[in-house]
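Take a look at the structures listed below.
Each of the next two complexes has chain A plus one other chain: chain B in the first, chain C in the second.
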Partner chain A sequence: MDINEFIEKFAEIFEDTDRAEFQADTKFKELDEWSSIMALNVIAMVDDEYDVLLKGDDIRGSETITQLFEIVKSRK
Partner chain B sequence: MAFFKVGNVAVKGISACVSKNTEENLSLPFYSSLEEAQKMIFATGIQRRHITPKNLTASDLGFKASEKLLDSLGWEKSSVDLLAVCTQNPDYINHPDSFVIHDKLGLGENTMCLDFFHGCPGWVTSLSSVCSMIQGGMIRRAVLIAGDTVTRDNDPSNKETRPLFGEAVTATALEFQENAPEMFFNSGTLSSEGKALILKNGGYKNPYNFETLKYDLDRKAGKLSASEVDDKMDSMDVFSFAISKVPKAVKKLCAEFAVNIENIDFFTFHQANKLILENIAKRLKICIDRVPMSLKNYGNTTSASIPLTLVSECGKILSNSHKRHIVCGFGTGLSWGAAYFETENIVCPDVVEI
Partner chain C sequence: MAFVEVKNVEIKGLSVAVPKEVKTVKEQPFFSSNEAENFIAVTGVESSHLAPLNLTLSDLCFEAAQKLLIETNTQTADIDLIMFVSTSRDFYICPNTANILQHRLGLKTSCVAIDLPFACSGYVYGLYVAGSLLQSGQLKRALLLVGEMPSKNQSSKDKTVWPLHGDAGSATLLEFSPSAKNSMKFNLNGDGSGFEAIICRQPGIRNYPVTEDSLKSVTIDNGIERNALQCEMDGSEVFAFAIKKPLEAITALAENFQIDIQQIDYLLIHQANKMIDEKIRKKLKLPAEKVPYSMRYYGNTSSCTIPLTMVSQISQSLSEKVNSLIMCGFGSGLSWGAAHIITDKIICLPVIEV
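Let's turn to the complex of A and B:
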């Protein structure tokens, strides 16, 4: 699993946020476009692309994109 | 895996009843901007919901729905052998709602009453039980009532639940019919993960005391801040559960009973929200046109949502043609139930508004 590919797929979910704002250490919940709906889109993307089913606690427990990436990676 | 099939039972009609009173999601008090409300409506697909006024209960809606159904079918009351009710909002905590509705309908002493206590998957689960009872041919006619007045238990200041839930009660008529096409069922349970949806107080485990009663009354009146409320639905967990379990349940049903997914006319899922239904459709690789949705005008109507959607979105078509259906209810438990059945020229009166 590649972190850059993960960031790319993560960024694709967002419509109004500039691609440059998505970095490994981006605190995604602080983005203006972040919402409870976006959280569901992230869960769907991870299930689609990585066949890993995230739970609410995984999203709540992650601050940066890297932290989320590590959770997904550990369950592959 | 609980798979089973039922023969000799036909769905004869479906009806639904809602209150005339609606709540528009665009004008909910907690959105900071029109844009925020519009985004929520776009993602959930829910514009408005029918909310039953306090002087009416689920049994009133169930009575109206079944009265309309019996009239439309021309079924004599004395011909109903079984009245089944699936609700989580009975009139009384110690008196099954089927007796209340039996009395309102004026049914006779030869009608058996049966209750199911279940939420969103409840219509499919109770349908499977009722159909199993009919298939022997002794019970020939049954009416299955399903639905809730769910918003009464919810916190009106909760931005996650209030825009979603609406209220409706449905009635489904089932009849013994030799050589009717077989119905297939598949149900599953994941009880260890169902605790997020539990209302903790007021049952026999945690009977109300002054403190918990006050807490619940304040919560239902929207007087508590988000940090004071501890029993919140985890929408992320529900989403995760739904998009993974529902497509699998449908695929397993089709595999077990050799159902060709291409031959299905309507895939009617529990109306949780648009985002969930779109994701389920995508995972099943089916066109969204084959997935009826009543979300726009009714929202998530718990155990009524599948039969309500069949009435409100497909009623005209179902009343003059033969259709093959797959349905799947999911949620409460956590549990799920998928079913395959066929309908032919069934009675589907317009949704009754009272």
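Let's turn to the complex of A and C:
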């Protein structure tokens, strides 16, 4: 699993946020576009792309994109 | 996975009642126009029906049941079982709402009356329990009343639940029929480790008693205000559950009973939200025309979504011919189940507005 590819797929979910804002250490919940609906989009993307099921606690417990990536990676 | 069969029982008729008043997603004050658009894109819900304060779910089920009895030419004396499947009961502790409806519908006192407090998985569980009670032939006919009135136990200031849900009540007439060619087949599951995923914390015995504090509205987050008597949903937890377990249940049902999913006429998925349901449809490789949706104008009406989709989207097919259906309900409990049911020209009433 590649972190850059993960960031790319993560960024594609968002429509109004500039691609440059998505970095490994981006605190995604601080983005203006973040919402509970976006959390569902992230869970859906990870299920589709990585066949890994994130739980509500995984999203709540993660601050940065890297942290989320590590959870997904650990379950591959 | 619990695989169970119910033999010698058929669905004869079906009706659904909703309140007249409509609430739209776009008019909700907690959404910016952008948020409302995103919400509609993910959930597929644009509007739903909303009951006035003095209308209850038992009122909706009463209307649905009464019209169904008339349209199916069924005498009240012929109903041996009335089952009310809902968490929107007239009285939370006692008595059972089924008893109240037995009297109000003019059913005999020897009619067995039972409440079954299921939420979103309720239609599948209701068919199983009512069907099981009929299959020995000692009881001949059942009125299965299934639905929910989320507007009564949710906060209108909680964006995680209010815009998604709608009010609706259904009535299904089930009959013991020794000549029935096909059994109803079920796969039923539950996992109480997720009991807090969708929960009304009060009133009840666990968080007893209800106090003044219970009624205080608390701000949980931006756009999320509710009190302890109002139902809460952990959206991402439920979503993660919903994209995995229902699909597994349908697949296992088909494997166990050797059903070719491609050969069914319709897959009726609980209208939880469109993104969840579309994921299930695509993973099962079913064409769009085999998976009807009703959530756009009715929202997620909990246990009523399956009967509501049947009467509002495919009633012509149901009333004119034989249909092979797979149903799947999932939600609070956590509880989920799938069923394979073959219907033969059932009497399907148009949606009733009360």
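Rule of thumb we're sticking to: the second predicted complex is superposed on the first by the 76 of 76 C-alpha atoms of A that agree within 3 Å, B and C clash if a C-alpha of one lies under 4 Å from a C-alpha of the other, contacts with A are read in each partner's own complex, and residues count from 1 in each chain.
As a working rule, a residue touches a chain if its C-beta (ideal position, glycine included) is under 8 Å from a C-beta of that chain, and two chains touch if they have at least 3 such contacts.
Since the structure is predicted, the reported quantities are computational estimates derived from the model, not experimental observations.
Chemist: Putting chain B and chain C onto chain A via the overlay, clash or fit?
Modeler: clash
Chemist: Of the partners chain B and chain C, which touch A:3 in the superposed model: first, second, both, neither?
Modeler: Once the two structures are laid over each other on A, A:3 reaches no partner at all.
Chemist: Could you say whether A:24 touches chain B, chain C, both of them, or neither, answering first, second, both or neither?
Modeler: The answer is neither, since A:24 touches no partner chain.
Chemist: Which of the two, chain B or chain C, is in touch with more residues of chain A?
Modeler: C
Chemist: Could you tell me which stretches of chain A are touched by chain B in one complex and by chain C in the other?
Modeler: Touching chain B in the first complex and chain C in the second, residues 35-37, 39-41, 43-44, 47, 53-56, 59 of chain A appear in both lists.
Chemist: So in the complex, which bits of chain C are touching chain A?
Modeler: Of all residues in chain C, those touching chain A are 34-35, 38-39, 42, 159-160, 234-237, 239-240, 243-244, 275, 279.
Chemist: Which residues, counting only chain A, touch chain C once they are in their complex?
Modeler: 16, 35-41, 43-44, 47-48, 53-57, 59-60
Chemist: Which stretch or stretches of chain B touch chain A in the complex?
Modeler: 39-40, 43, 159-160, 234-237, 239-240, 243-244, 275, 279
Chemist: Can you list the chain A residues touching chain B in their complex?
Modeler: Chain A reaches chain B through residues 35-37, 39-41, 43-44, 47, 53-56, 59.
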